[in-house]
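Structures given as structure tokens follow.
Here come two complexes built around chain A, the first alongside chain B, the second alongside chain C.
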Partner chain A sequence: MLILRYLFYVLIFPGALFTVLVGWLLAGLDRKVIARMQRRIGPPVLQPVYDFFKLVGKENIIPAQANRTAYKMAPFISFVSLSVIMLFIPIFGFTAVNGVADLIVILYLITIPGVALIVGGSSSGSPYGAVGISREMVTMMSYELPFVLALLAVAKKAGGDVLVFNLTDIGEWQVMNGCMAFHWSMIPAALAFLLVIPAEVGTQPFDVAEAETEICEGPLCEYSGAPLAVFKLSTHMKMCVMSALFTALFFGGIRTGYVVTDVILFLAICVLVTLVCITTVHAVTARLRIQHLFKFYWKYVSVLALISLALVWLGA
Partner chain B sequence: MFDKLIKKSALKSPWLFHINAGSCNGCDIEVVAVTTTLYDAERFGFKIVGSPRHADIVVVSGPVTLQSRDRLIRTLAQVPEPKCVVSVGSCPQSGNVFKGSYAIDGPLEKYVHVDVAVAGCTPKPQAIMEGLYEAARILEEKREMIRKAAKGVKGS
Partner chain C sequence: MIQHFPVLSVMVLFFSAFLIEIVGKKEILRNVIAFLAVTASLVMLACLIPSVMIDGQVISYWMGGWAPESGYAIGIGYEVDSLSLLFALLGITAYWLSCVYSFGYMKGKQNLGHYYTLFLMLAGASVGFFLTGDIFNMFIMMEIVTFSAVALTAANTDKLTAIEGAFKYLVNCSIGSSMMLAGIALLYMNCHTLNLAQLSAILPGSFNSTTLLAFALILTGFCVESAMIPFHPSFVDAHTVAPSSVSMILSGMVLKLGVYGIIRLSYIIFRVIDTSAIQVMLTLIGTVTMFIGVTMALAQHDFKRLLAFHSVSQLGYIIAAAGLCTTLGLNASLYHAVNHTLFKGLLFLCAGAVIHSTGTSDLDSLGGLSKRMPKTCICFVIGAFSISGLPPFNGFVSKWMIYQAVYEKAMQTGNFFYVVVTVTALVVSVMTLASFVKVLHSVFFGQLRKEHEDVKEVSPIMLIPMGIMSFLCIFTGIFYREFDRVFINSAVTSAFDNIDYVDGMMGDGYSVTYGLAGLTGGNLEFSYWNPYVWLSLFLMVFAAAVLVTLIMGRTTGRTLESGEDYDSAYGTGDLSVDFRGQTHESGDPEEKYAVFFSGEKAEYSHAGGSDLFWGFKYNWHRYYEVLQGLHSGSVNDYSIYAVIMISMLCIFMYIFMR
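Moving on to the complex of A and B:
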């Protein structure tokens, strides 16, 4: 019975299937809303689903100079790590897997899709891939620092004297003391987290690694068919995971008492977070250069997160 | 299992890759105009992609010059099946005003089967869009043909 329950968690809810469906919903809404902001009609909300299945139906070409094993496994690793992250994130009252230090596990798992992209890009043997992976590495370095600082601020706020890395405990603390987002000392950290999300997902101003107009989508340049479909899918899953993590960390104190209403409310907040930090930013900005991206994250976003951490440490 | 969905998706999500084979930039601008706010090809799922490996429809403009010929052939060979080739403008069809020049080696038909040809100098964005939508329909048929051929091989 226990095995069956865990299989259900991993494969259906809140694991792979749920993450994929929510990712598709968020990505579809994202494209539709951008189109409406630019006064276009825009693609149907189901467009990511069509894209995925079309790519699955296409021929899969593996370049002669590619390392076949790494080339084929990279998208799969990215997909698996993203569906595992979702197990650790509590959906208000409901948690699938309750660890001692969820946040640390999530921190490690969330770098794996980026690393998988680097492995896939370098194994394809394309010069565009080489440029793309160097940019991807710099992007990862830039957003990891403010990301970790914001998580530390949350952990310290919820723990008081000690750091609490358990997401369920952080949720319980928010039930007692009100949501993190409503504590004034946590607002800079929330802002920093919101700015980290587009870089993590790789959307418009921060998509230097996958710039399709200058370096042919970088690491994905040589990918075609099903592996490309899975890479695109993992981008959509990242949207789901990052917005869910934000909701759990900063709006985790909401309880309605029923799992179904919890999930619906959770999804609504996820959609809102995606629309604010991905869609709006995408619609109004152009792509940054890599050195500007690095500067932006270490100079401004990290400082925002540090302010929060300092305020929490001083007891605000 | 997902055959029906894949068949429908082939029509709904065609990605474009644009090759300039010595075009005067007129048709290139009109192709880009198709994706802008006024004409909005994205409502049919069209998207301009950066790599030929991701493409379904290859848009070729220009009267295949000697310099671009080898690149054109190599790029077309990189596109995974099922694919469609759309020629935009009169140049790929006949050479247009460049006909008889020592520097061109057209028409495009010599190198690849052209599925849809949009004539004009330059064609209107509406005409290009209709051509692209026609190409998406051909794409769906091609995908069916490939699937049936694969089934035949498996059955025998």
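Moving on to the complex of A and C:
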């Protein structure tokens, strides 16, 4: 019975299937809304689903230069680690796997899809891949600092004098004291986190690693067929995971009492987060250059997060 | 019988060292003796685990039966508690693996008799350093380590850089050991004893300015030995040029002498670690070290030099965590010390394998080796992910404990400094990942060089140690609870509670006369994700994913493996999937980049090695200009830094500790 329950968690809810579906939904909405913002009609909301199945049906070519094992494994490692992360993020009251994960674990698990993308791009042997992975890695270094600062601010706010890294405990704290986002000292951290999301997912203006127009999607340059489909799917899943993490950290105090309504409310906030920090930012900006991206995150976003951390330490 | 094992485990190594010098010409006999000596030492130390680690006994041994007379220790004693045994075991394991690796790696080199003699001297002295209960004996062992290490660094006598590196190492370590000798002289003047147990009974009660200076000097000696800022440059130079089997020992093991020294000194002998000034000082040194180490590593384009800078950085983590004076902090520190030996040793062995096969360690001129050396590549990936702290490898466990310990300390003391340490540690971790991505890409992935077309995988005798280390990296990452309980916890307990240490050496009740009491470091409570749950989940999802691909992979399209297939299948001879065309062979760099950016014809761009991460380096170029100027390569400059650091430490002590 326990095994069946775990199987359900892992494969259906809130694991792989749920993440995939929500990811598709978010990606579809993102494309639709951005098109409306640009006065286009835009693709149907289900377009990412069609794209996925179209790509799966296409031929899969492995370049002669590639290290075949790493090349084939990378997309699946990315997919698997993303569906596992979802298990650890509490959906308001509901946590699939309790007491085994916390902020730092999540922080590290989230780097795994990035590493998988890098390994895949690197093992393809393509020069475009090489340029792409170098940019991906610099992007990772850029957003890591504000990300860490925002997480530590949340931990301090929820913990006071004791160490609280556990996401469930942070959720409980928010039930008692109101959502993080409603505490004024946490607003800069929330903003910093919102700015981290597009870089983590890799959308404009922070899509330097996959810049289609200059380096042919960088690490994905050589990918085709099913592995490409899985990598694209991972990007959509990342949207789901990041917005879910944001919701859990900053709006984790909402309880309706029923799992179904909890999940629907959770999804609504996720959609809102995606539309604000991915779609709107995408619609109004053009791609940055890699050195400007690094500067942006270390100079401005980090300062935002640092303000929050300092305020929390001063007792606000 | 068992109380003779500590001294025997050291003696067998020294004795075999001389034996090898006699039979040095005969290869098989020499290798057999070296192997047997290291194995015997390993077995003897492993036999001590049940009584020392599990039962918590302290084993003492007086050389020549010179037991203490009326409360004064005169003879030299060996004393083994869990802390010393942990480091000794770690050391001898590293030596065992390095010895096996040497049989393959050093094969055919000249003067191998001397090599193994010095190697065993190094091993004996390191183990002796950990097991001895006498501070002057500790100094002697450190000197033997230094001189064997210097000679081993210069083992490739035909390389001028090797001799230069050895010379720098010698100068730097001599500064450290002179400081230590001066400190020991002051201690002897003040306390009239050199026995560690007796010192640790006398010193906490009689702290005056002389012993303070002695503490500062000995601490400096150990800081030098553990390659803290600013003593690190000459170590890095030496680790780069030494043979890889020796680099692995120097970087993975010999730096731990300093770590052990600092922990033994500040926790047990002087017990000054409970003052916040010392805690902040050690953590500050550690943090600066980890940051400068990793940023320097990012800029390197030599495989081994990059690894050496990472050792500096990881040692920073260890010292920073040890300086916290909490149970969790010391636990994290020791765990990371063990892990560092494992993954750094593994990475150096991989570097050695690459050098052995290709003859170069320059990242700019390597690439695509994963197809030629797949086993080395897998080992390297495990090592790289371990050091970057990706779950579920061992680096993640210890780094995670470190973050938790540091942030807990921040919350307890309300000191914002520890928050800065936490953030630095987390950011340094991602930079570590970045620089290993660079190595992975430049050496193993990317495009294979024309001159490395016929590179072969190294021999099994070199692969075995690498395999064992990879296994240990995964083992200590997954079964961390069991490992922590048996090995690390007992060592932490013995570091915090020195009453057993004193009584075990000087006789029961000795500590009571000096009114000793153990330190308190708080409870060891760390929540940590459950790796079993995670691993089983991961496997389940992975199995599902593989199933999906198998089902879908059958029905959709073909998988083309090479450019030739593509051409023959479609008859489009002009469209080449093979990137490695003719253009790059002309060796004209301008043409290479022109072709790369225009994207026509056959592209070739390495885009690895020192080219990677220029977006990062561009933003930090001022910082790098300063660092580059400081790492001048001149031993004169390095000595000046050392002198400045020593004066700063002494001044710090006199301001904050009096």
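Going forward, the second predicted complex is superposed on the first by the 314 of 316 C-alpha atoms of A that agree within 3 Å, B and C clash if a C-alpha of one lies under 4 Å from a C-alpha of the other, contacts with A are read in each partner's own complex, and residues count from 1 in each chain.
As a working rule, contacts are C-beta pairs under 8 Å (C-beta built on N, C-alpha and C of every residue); 3 or more make two chains touch, one makes a residue touch a chain.
These numbers come from a predicted model, not from an experiment.
In the superposition on chain A, A:V148 contacts chain C only, with no contact to chain B.
When the two structures are aligned on the shared chain, A:E200 is found in touch with neither chain B nor chain C.
Which of chain B and chain C touches more residues of chain A: that partner is C. Of the two partner chains, chain B is the only one touched by A:G42; chain C is not.
Once chain A of one complex is fitted onto chain A of the other, the partner contacts of A:D30 are absent, as it touches neither chain B nor chain C. Legend: residue contacts after superposition of the two complexes on their common chain; A:A226 is shown touching chain C, with no touch to chain B. In the superposed pair of complexes, A:L11 makes contact with chain C only, with no contact to chain B.
Contact with chain C, but none with chain B, is seen for A:I133 once the two complexes are overlaid on the shared chain. When the two complexes are overlaid on their common chain A, residue A:K54 makes contact with chain B while staying clear of chain C.
Of the two partner chains, chain C is the only one touched by A:K295; chain B is not.
Residues 56-61, 225 of chain A lie at the contact with chain B in one complex and at the contact with chain C in the other. In the complex of the two chains, the chain A residues touching chain B come out as 31, 35, 38-44, 47, 49-54, 56-61, 128, 211-213, 215-217, 220-225, 228. Those residues of chain A that touch chain C in the shared complex are 6-7, 10-11, 15-16, 56-65, 67-70, 76, 79-81, 83-84, 87-88, 97, 99-102, 104-105, 107-109, 111-112, 115, 118-119, 122-123, 125-127, 130-131, 133-135, 137-138, 140-141, 144-145, 148-149, 152, 155-156, 159-163, 165-166, 225-226, 289-291, 293-295, 298, 309, 313.
Residues 2, 5-10, 12-14, 37, 40, 42-45, 49-51, 53-54, 56, 78, 80-82, 143 of chain B touch chain A in their complex. Chain C meets chain A in the complex at residues 368, 370-371, 374, 377, 385, 389-391, 396, 400, 403-404, 407-408, 411-412, 414, 416, 419, 422-423, 426-427, 430-431, 433-434, 437-438, 440-441, 444-448, 527, 529-530, 533-534, 536-538, 540-542, 544-546, 549, 552-553, 556-564, 566, 577-580, 596, 603-608, 611-616, 618-619.
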